[in-house]
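For reference, chains read A, B, C and D in written order, and residue numbers begin at 1 within each chain.
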Amino acid sequence: MKLFAGCELLYDVPAPAPLVLMLRPRSGAGQWIISEEYQIEPNIPVVEYTDLYGNLCQRLVAPEGSFSVQISLVAETADRIDVAPGAPFVPVQDLPDDVLQFLLPSRYCQSDRLGPLAVDIIGDATPGYDQVEAIRSWIQSHITYQYGTSDASTSAVDTAEKRTGVCRDFAHLGISLCRSLNIPARMVVGYLYQLKPMDLHAWFEAFVDGRWYTFDATQQEPRGNRIVVAYGRDAADVALATQYGAMTLTEMNVWVEEKI
Amino acid sequence: MKLFAGCELLYDVPAPAPLVLMLRPRSGAGQWIISEEYQIEPNIPVVEYTDLYGNLCQRLVAPEGSFSVQISLVAETADRIDVAPGAPFVPVQDLPDDVLQFLLPSRYCQSDRLGPLAVDIIGDATPGYDQVEAIRSWIQSHITYQYGTSDASTSAVDTAEKRTGVCRDFAHLGISLCRSLNIPARMVVGYLYQLKPMDLHAWFEAFVDGRWYTFDATQQEPRGNRIVVAYGRDAADVALATQYGAMTLTEMNVWVEEKI
Amino acid sequence: MKLFAGCELLYDVPAPAPLVLMLRPRSGAGQWIISEEYQIEPNIPVVEYTDLYGNLCQRLVAPEGSFSVQISLVAETADRIDVAPGAPFVPVQDLPDDVLQFLLPSRYCQSDRLGPLAVDIIGDATPGYDQVEAIRSWIQSHITYQYGTSDASTSAVDTAEKRTGVCRDFAHLGISLCRSLNIPARMVVGYLYQLKPMDLHAWFEAFVDGRWYTFDATQQEPRGNRIVVAYGRDAADVALATQYGAMTLTEMNVWVEEKI
Amino acid sequence: MKLFAGCELLYDVPAPAPLVLMLRPRSGAGQWIISEEYQIEPNIPVVEYTDLYGNLCQRLVAPEGSFSVQISLVAETADRIDVAPGAPFVPVQDLPDDVLQFLLPSRYCQSDRLGPLAVDIIGDATPGYDQVEAIRSWIQSHITYQYGTSDASTSAVDTAEKRTGVCRDFAHLGISLCRSLNIPARMVVGYLYQLKPMDLHAWFEAFVDGRWYTFDATQQEPRGNRIVVAYGRDAADVALATQYGAMTLTEMNVWVEEKI
């Protein structure tokens, strides 16, 4: 399905402050960016670089006063995500070099502390895809989705304890549990068609049977029509806007519609 | 100035054949891509990757029959390119690691064979920017710009002998002469406002005084309003379309206009 | 001073298990590896790759039974580390692209939670080097160096609370406090001449005035004669041995001597 | 077999001049560097970086006077190289992204001009390994190995015409012919046990059936016991010593022996 998606960020900036945005998606295996419009107001210089994960990052200094960023996209997306029950675990020694980093613990994914929980959850699921699906399903049924119960410091260990959170927390917990089983897992942020309520979204991918598969613990069914904006180890790597100063985000709008 | 630019490539494809395109410009220090629309007809899967120079490359298999690619852009560009008479040569030992590769000879830039000519051209110009400008100016006045006198195999050595060529040959010669003096130089392909006749364009950059400067031996005056599409060692790296089969490019249109 | 350094790891391996070692130092600006000998017993296939930070990593599957790894080095090292009182803070917008990642929180360095402590510590120190030195000095005088009070899960937040730890915890706390002030900081593991008691060591580097400076909160005076083995965001990135199975490290020896 | 190998370069340097060396091999899939000793006399600062192909490069400024570089290695090497008659051609669309660059023409490998010769040579060999072997075998029987008939500017087109050259020319021709058939090929420099006369050596690798295979057109039989020092597109990328000044190489010694 062709999607028309985008977001608008409005800031109130008391004094000029650096900002790093990660809002320009890449075309890739699963998606094709047909068109894109990226506006910054007032019009100031922006430089773009590619981070370690291949994400395009926009650097700027937000000027004092009202400041807005808007990006809109038309993208071809897959209507279905691949599911692969039974797809096997990849032994660590057979993982590609550049996948190994997604086994390590990270800021919000303390996989070194969640091994026992993971072992409880997976039971005797077949190593690989089925274990990840058991984790995803467990999170969906055991963690309550609720705004305001977590914040920018909340980690997977916190979420495992409190059993409540939002999409980002669900993803962090899923990633951590996978890594504790030596299954590489990474964070994804992006857009999801018909997400309710509409917002930017986060989910995760796990590496089994030689490739990355998509898992979303906030959804009951596997759902396609996603636009990936950025990949990383966890939310620290893929913040869509990282500000280094006192600016306030006064408004944020997100839209994802079918493009006819 | 805001530019509206783009190009359209029409192919006749007798049998499915792989094609690598390099048509999606990056936002960067000197340019900001405000909007972009990239269409491929018929609609087939495309994957994108980043090459060694940071260029975005689109891989696809062109299907049998008529096949078209169209990209249009709106970009903010600098009205003037920086010029820096007297800017000094950077000794090789002080060059950044990732700039060193632009000292090496390459397919179309046999800098190992053009040292004597370079020495003749530069006379007693100050090492650095002034030498590059002497080279650029010499090319502009000594090489005749003429279509049909060179082809995809023509190298800088050929151009130095025949004294005729097109923008790509001018750039290759400039690059080779710079490298023979241990000045790093790289190829740029992209769009230039008011180029006559309108076409995709090629020029070069040289590294002096700690940064890259733009040089265009096809133009009498330094001119801004350029959109860089790709960087590389020479045309082998930055072909906007590399085909691995018998398809025929039947039509190509390029446009660059002021966007009002 | 020329150092002769190295380490030996002895494992008891109940069943074949993957192991990633990071024991081969790189030659670089501050050190030159004159000679190196790297032995693995029994002799099994090893492959080496370079991770995202430029570290050389050795991948292998440890065979069942006794397994040993030994590396010894002769390296030229600097007798003094550079100190630069007053060296200025680099505003975020002026940081090199590849340094930005060292501002982000990471597994053991929750810089997002340690801002208030950092502000207390630095008082009115000049932004930049002096702030980092204030942090280093505060850690040295306020955190008690004691084995057995921390483990592989201990993070900077833990250490800030308990006020006790080992070199790795000191480094994590220093890194976190720097990052909370928007000063990029990274973890270093390696060898230090005359460390007491002798062991592998960890310290940190902070980026001020356009370059990385060395800080070691475990030492009263700035001390040179260090061999860097690996760089990373924190200990998760620079574990000298990451094992993915049940093997036991039965013995470990480390030596650093003057090479005459 | 365990090899003891190395080389010594002696220079006469009339004035300080930058030098980039590429003499430190990497451990990798096919070889393990057990020990290494790298000496530079007089003892001057050297910095090391990794180039685009993963080679370790040493940068220095050679001081006036006599200057020497010596490296010796002990390496575990494979006694046999893999041969794979019938291994299939990989269609361009299925090549890994990072292999694509080895299809492009380069300084000494003008694959864009050698297609007709390649077609003649391969006859009706099966696409893939057998075509590469036909090329290798043709070069071995049709090109005369002779010192002094080629120099640093000699390219594959020159060698195809003159039918004479040394190992580097043989490799360039092999690489060019492969690329003209859309088979990725790359240059390798290193050591070969029992090479006669002993010297540093060059050969090539071609990518078929999903991996790189070794081909050496200077040898009658496939021979193992090689130590790879560097990979690249051609000799421009893998010069073991690139000098940017007037120094003279006065002596060079190379040794490769069985290590007992």
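One rule holds for everything that comes next: contacts are C-beta pairs under 8 Å (C-beta built on N, C-alpha and C of every residue); 3 or more make two chains touch, one makes a residue touch a chain.
Protein identities per chain, from UniProt: A, B, C, D = Transglutaminase domain-containing protein.
Given the structure is predicted, the values throughout are model-derived calculations rather than measurements.
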For the copies subunit A and subunit B, the interface residues, called same if over half of the numbers are used by both and different if under half, are same
By Cα centroid distance, the chain farthest from subunit C is B
So, in whole Å, the Cα centroid of subunit A is separated from that of subunit B by 36
Separation of the C-alpha centres, subunit A versus subunit C, in whole Å, is 29
Separation of the C-alpha centres, subunit B versus subunit C, in whole Å, is 43
Contacts with two or more other chains occur in subunit B at residues none
In contact, pair by pair, are chains A-B, A-C, B-D, C-D
Listed in rising order, the residues of subunit A that touch subunit C in the complex are 18, 20, 49, 51-52, 57, 59-61, 91-93, 97, 100-101, 103-107, 109-110, 112-113, 152-153, 182, 236-237, 242, 244
Per the touch rule above, subunit B residues touching subunit A in the complex are 24, 26-29, 32-39, 43, 45-48, 50, 54, 56, 58, 76
